[in-house]
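The following blocks contain the structures, represented as structure tokens.
In what comes next, chain A is part of two complexes: it sits with chain B in the first one and with chain C in the second one.
What follows is the complex of A and B.
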């Protein structure tokens, strides 16, 4: 079977989900839809058992850029594809039951299955660009799922925060991946390892690495980008169990592991990746220990595990890599189980506050068993998978070339806190007498079975670690070029320092659990430095951005047309003057047409009229100015051989003056409204605009780059168009369509004027402001000014 | 004349700009009028002035002879005059209507009138 079915099958299921939910109800639909991921998981497991060769599939997508829809399912991909599809199946069953009372459960299935396809795509994609596309799809579907309760303001805010952080990281990742392809000329991930020396030597390596890590660290919630993950707990618990513990947040780790053959052979990799991971590992558990909300406890402990995984990959040796692969699988099992337990408890009792939960073992015994088993695995108690992974973890730390003791000590501290968290979440609510929160909804089998399955696997597989090693873990390490034989997955390593560390961890963890109230001071300490925490910085950055945008919009889009005109005029005029400055040498003052006396007088009259119009206060003066300019222009047309223009101008001018007089006498006298300063500013701008215009015209009358094209028109005018007045012939023959357009404009303007003025009472209303003659039924603006003027 | 007309056009244009930036609607109207006059003169002048005859072919000839004005810009200006008039007429009607609706000649008080 082709690998593309891995992505296609969940998509098809996603499309079918609404119909199935409508037909069967959410609970049963979950079971039916779970068949798809289980089928994928089964197929992967079968291939893993038989040790099948890596399956590859590709189809050209953007051949010009060398980008293919390339998928590869090898040992490494199989491990994570299995994890995602197997837990995905359980989440479908669990989610269906969890949301059975929710009328919109179909939406959950549609998006979760889409997410599943995207996540499987991130893992299976063998092309950098395709990986990025799937990566962004996981961010988008995560956004939709965190905001599942869209009517809740807090959920929307958390969804936006998760999206902004991961999408910003996504952009960084894209830039990094593009730099990688620029260095190597290769978009196939499986081919990148061959270029590792070339990558390390390139001057673009450092920016490429930093950008890729920007994407990885945001997605996998590394310090200082970890804050979005606890916020994402606003999602329904099945989503938290799936996206925000077992799968999506591991996308960064997965990509890091995929790229590590190509990029990890440099010092810089270790110096950045390992410390960030270690810091995240500690921050996660320290932030978790004082929480009282079950989901927040789990979320912060997930941050810690993600940090551990990143740190292991940062070490870059075979032992650590294999340990990371194993830990990723183990964590998926126990954390998925614990999240589901938390969700079921929340669903049953209506609270997630650990302080108000106790004695739940009596009402939900099976859930208690699952919780205890998962907590044991998280604590690393033998014979669970968690014990083996912790042993490997300590061994990896102790075999570091430097600082191994301090790193191991930090590891013990982090793990001890994790033990305490496991006890708080998985054991504490089920012990003791009846708690203050009674069980109101008894959970159905769909909400108990999935966590039981995951927790049991964590226990049972711990007894046969060799099988897991052979089938999934070793092939994963081998496929990425790491030697799987360095680390052995066994329950019993003998009496070693590692075993001692494990025992110390458990004892310390138990002690912390018993004294957990003492750690409330951590919460107060974090509150004290609240403005400095990354989430506060994010929030103030977002607020600042919005404020700046509002300010900028107010500043640029102020809605004052006059100011727009002023700025446009000033900018255009200055640009024109700048352009003319370079051509200043070409200015000539020679004239072909000497100014006659009458013409000069007319130009003078025109200019004076225009200037008088600036200051005219009386309406009559305004009409006079208007007429003065218009008739002067008509005279100039007469003087320079354009009788048609002169006739038209005279006619139009007369009409304009009549119309203007008709209207202006119904308006108040002209007055100055703007302030003196504004008038001066406008005057200066207008003077500059006038100067620019003068210079442009001056230049244009003296420059002639082409002969007039009128010669041909004049030639044909009498002979072909049978007209002797060439201007008229142009208008009605050569440019007849133009003239028709002109007539249309005139007709439309006429219609507009009619519509505006010919409303029966418009004119009478103005002459009669008190409205004695106005018809009833229409509201009239009360305006005292009209009467007094 | 080629040195005089550009100055006149610049004055018309500058005055038009100034008036268009006023708050008083009547002044804005006057500004639009000055604008269109300046634009017409600009086109007319840009083609080159000629003291020659109008481009009208005499009855006994098939084509123009001797110095004559260029007919093409004249045709363009003719169209522009008519369109300018249409725009102006519409603007005048609009101003009247706006004044009737708002009772104000101050453009700044018009900002609330479309709500």
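What follows is the complex of A and C.
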């Protein structure tokens, strides 16, 4: 099977989703749609077991730039593709059940499956530009999913924040990738490793690396860009479980891993990537420990794990790389499970506040089992996968060439806090007597089974780590050029310092859990420095931008037609006069042909009409006089042999007069609308514009830098375009593209005028498209610049 | 209706409007060789439509003019895209046979003519729409 099916299949499912949801209802539709990602996961797993060679596929896209639609599914890609498709299938089942009472469930499936396709594309793409396209698609679909409850102001705000942060990072990434392409002349990612020496030596390397990291750090929520991730918890929980723990936020880590063969062999890489990762690792857990909302606890602990992954990739050695691969998989399992548990609890009790939840084991025993198993894996208790990954993590830190003890100590602190968080989220709500929040609806099997499956895998696979190592983890490390034999995945490493650290972590974590109320001071401390936090800086930056935009709009778009015209004419005249100052040619009258009788009369007529328009006492008279000027121009066109122009001018002039006469009778008397001073100013502006126009026409008669093309066009029009009317041939054949643009503008203008004049009717439709918000008593913000009448 | 001033324009319109419509098509079709073309023809057709509604406000065009302008754009785009199917570049003129029409004479058929018809439709629709909307606007304010 060709690799492109990995991306195409979810897209097809996305298209089919609304029909399936309508036919079967969200719950069953989720199960049916889950078949697609499960099929992908099964296929990948089969290839992984048989150790199939990397599958590649490519199709020319922009051959002139050397950009192909290139996909590659090797050992590394298989690991992450499996993670995304497998958890994606579970999320489909879970989401269907979670949203079964929600009328918009079809929208969820459409976007989630689109997101899945984009995410699988980020992993499988073997072309830098293609990777970027998929990367942006994940940002966009994430925006739609975070803002799923679009009627909720907070959700819209969170969605916009996630989009602005990740899309800004996306731009930075694009610039970085383009620099990388410029250095190597290569857009294939698998070919970049061969250029690593060239990349490191290039003067463009530092900007390229910084720009790429800008994209990676924003996407993977590294400090100081971490704040969008907890905000994104406004999304429905199935979305958080999928995008914001297992998949999208790992896109940065994945890209970092993909580029690490090409870029990690430099000092700068380690000096930037590892410290940022370490700082994020610590920040995440410290911010998490005092939270009381289940999803925020999980979100901040996800930030911490993302930091750990980035830090490991920053170390750049084979051991750390393999550990990162393993940790990414393990984290996907336990964090996905815990998010789903949190969602089910929220759904059943209506609250996510840990302080008002307890004794849930009695009403939801299976969920309790899943929660406990996932919490054990998160804490790193043997024999879970989490234990193995934590051992490897400590070993990686202890084998650093320097500062190993302090790094390991920081690691113990972060992991101990993670243990406490795991206990708060996964164990605490299920123990004790009945809590203050009772279970109102009992969750269906679709909301219990997926977390149970994920948590069980985290336990069961811990018993056979060698299998996981052989099938998924080692091939992933090997494919990126790292030696997989350095790290062994086993449950028992013997009595080593690492084991001691694990035990200390667990004990410390339990102690923190028991005294968790003491950490409330952290929340107060963060509140105290609130204006300095990245999220506050983001917010004030955004507010400032909006204020500046509003100010600028008020200043430029003031709505006074007279001033608009004045500014337009003055600016145009000024530019023309400046241009004339420098242009070649002269103003001599020598080459001018003296005007004949007919032309003189027409010009005279025109002048009389213009003056009459000025002194006219009524509007109608003024309009008619202006029409007279227009008709005179048409006569001039006739005199100089341009019948097409003359006809057009006559028609347009006629229609303008008609149009004016519709409007004008409603307007106030001429005498009332302007003072003498204003008129003098208008007169000056008109004189300047007229002078500029006259000068430019005068001068252009003398300027001929190239041969005239008229003769050529006249010759061609009969022989090649079968037409004798050159004007028309130019319009519909030689310069037809221009005409196309013009009629497009014309049609748009028609649309605009219609919309403006029929504003009242249209606005009332825009304001309440579903007709439900008025009933819900919620006010929707309408663009403040569109004033309702 | 007994006032002659009220009945003169309607009477004239019965004659003038169809004449203008025919004239507009004539201008469109002869445009490739003689003064005329889609733009001019469209303006004449729009004037005819407006005149008709001016005389009797109830007689508005039955087709939605905005939709019509979109259709005109599609016609123009189709004529531009046709050469793509024969392996030529966008907007290459494709020419077919000649037909004979009364008053116009020999007319060579081809994608540029189709394009001009697209222009004709867009100009007719937009110009008529603008005038009719303004006319309706001034009428509602009267009432």
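By definition in this document, the second predicted complex is superposed on the first by the 558 of 789 C-alpha atoms of A that agree within 3 Å, B and C clash if a C-alpha of one lies under 4 Å from a C-alpha of the other, contacts with A are read in each partner's own complex, and residues count from 1 in each chain.
Quick note on the criterion: contacts are C-beta pairs under 8 Å (C-beta built on N, C-alpha and C of every residue); 3 or more make two chains touch, one makes a residue touch a chain.
Note that the structure is a prediction, hence the values are computed from the model and not measured.
Once the two complexes are overlaid on the shared chain, A:405 sits clear of chain B and of chain C alike.
In the superposed pair of complexes, A:733 makes contact with chain C only, with no contact to chain B.
When the shared chain is aligned, chain B and chain C each come close enough to touch A:643. Using the contact criterion defined above for the overlaid structures, shared-chain residue A:652 touches chain B and also reaches chain C. Shared-chain residue A:663: touches chain B and chain C both. By the touch criterion defined above, A:104 lies against neither chain B nor chain C after alignment on the C-alpha atoms of chain A. Contacts of A:566 after superposition: chain B is touched, whereas chain C is not reached.
Within the superposed three-chain model, A:594 lies in touch with chain B and out of touch with chain C [touch as defined at top].
Chain A has more of its residues touched by B than by the other of chain B and chain C.
In the superposition on chain A, A:752 makes contact with chain B only, while chain C stays out of contact range.
Within chain A, the residues touched by chain B in the first complex and by chain C in the second are 643-644, 648, 652, 655, 659, 663, 666, 724-725, 727, 731, 739, 746, 749-750, 753, 757. Of all the residues in chain A, the ones that touch chain B in their complex are 559, 561-562, 565-566, 569, 589, 591-596, 599-600, 603, 606-607, 610-611, 613-614, 616, 619, 622, 625-626, 629-630, 633, 636-637, 639-645, 648-649, 652, 655-656, 659-660, 663-664, 666-668, 670-674, 682-683, 685-687, 689-695, 697-698, 700-702, 704, 708-710, 713-715, 717-719, 724-727, 730-731, 735, 738-739, 742, 745-746, 748-750, 752-753, 756-757, 762, 765-766, 781-783, 785-786.
Here chain C touches chain A in the complex through residues 27, 31-40, 43-44, 46-47, 50, 65-66, 69-70, 72-73, 76-77, 80, 90-91, 93, 95, 108, 110, 112-113, 115-116, 118-119, 122-123, 125-127, 129-131, 133-135, 137-138, 141, going by the rule given at the top. Across the complex, chain A meets chain C through its residues 643-644, 647-648, 651-652, 654-655, 658-659, 662-663, 665-666, 721-725, 727-729, 731-733, 736-737, 739-740, 743-744, 746-747, 749-751, 753-754, 757-758. Those residues of chain B whose C-beta lies close enough to touch chain A in the complex are 1-27, 29-30, 33-34, 37-38, 40-42, 44-59, 61-64, 68-72, 74-75, 77-79, 81-90, 92-97, 99-108, 111.
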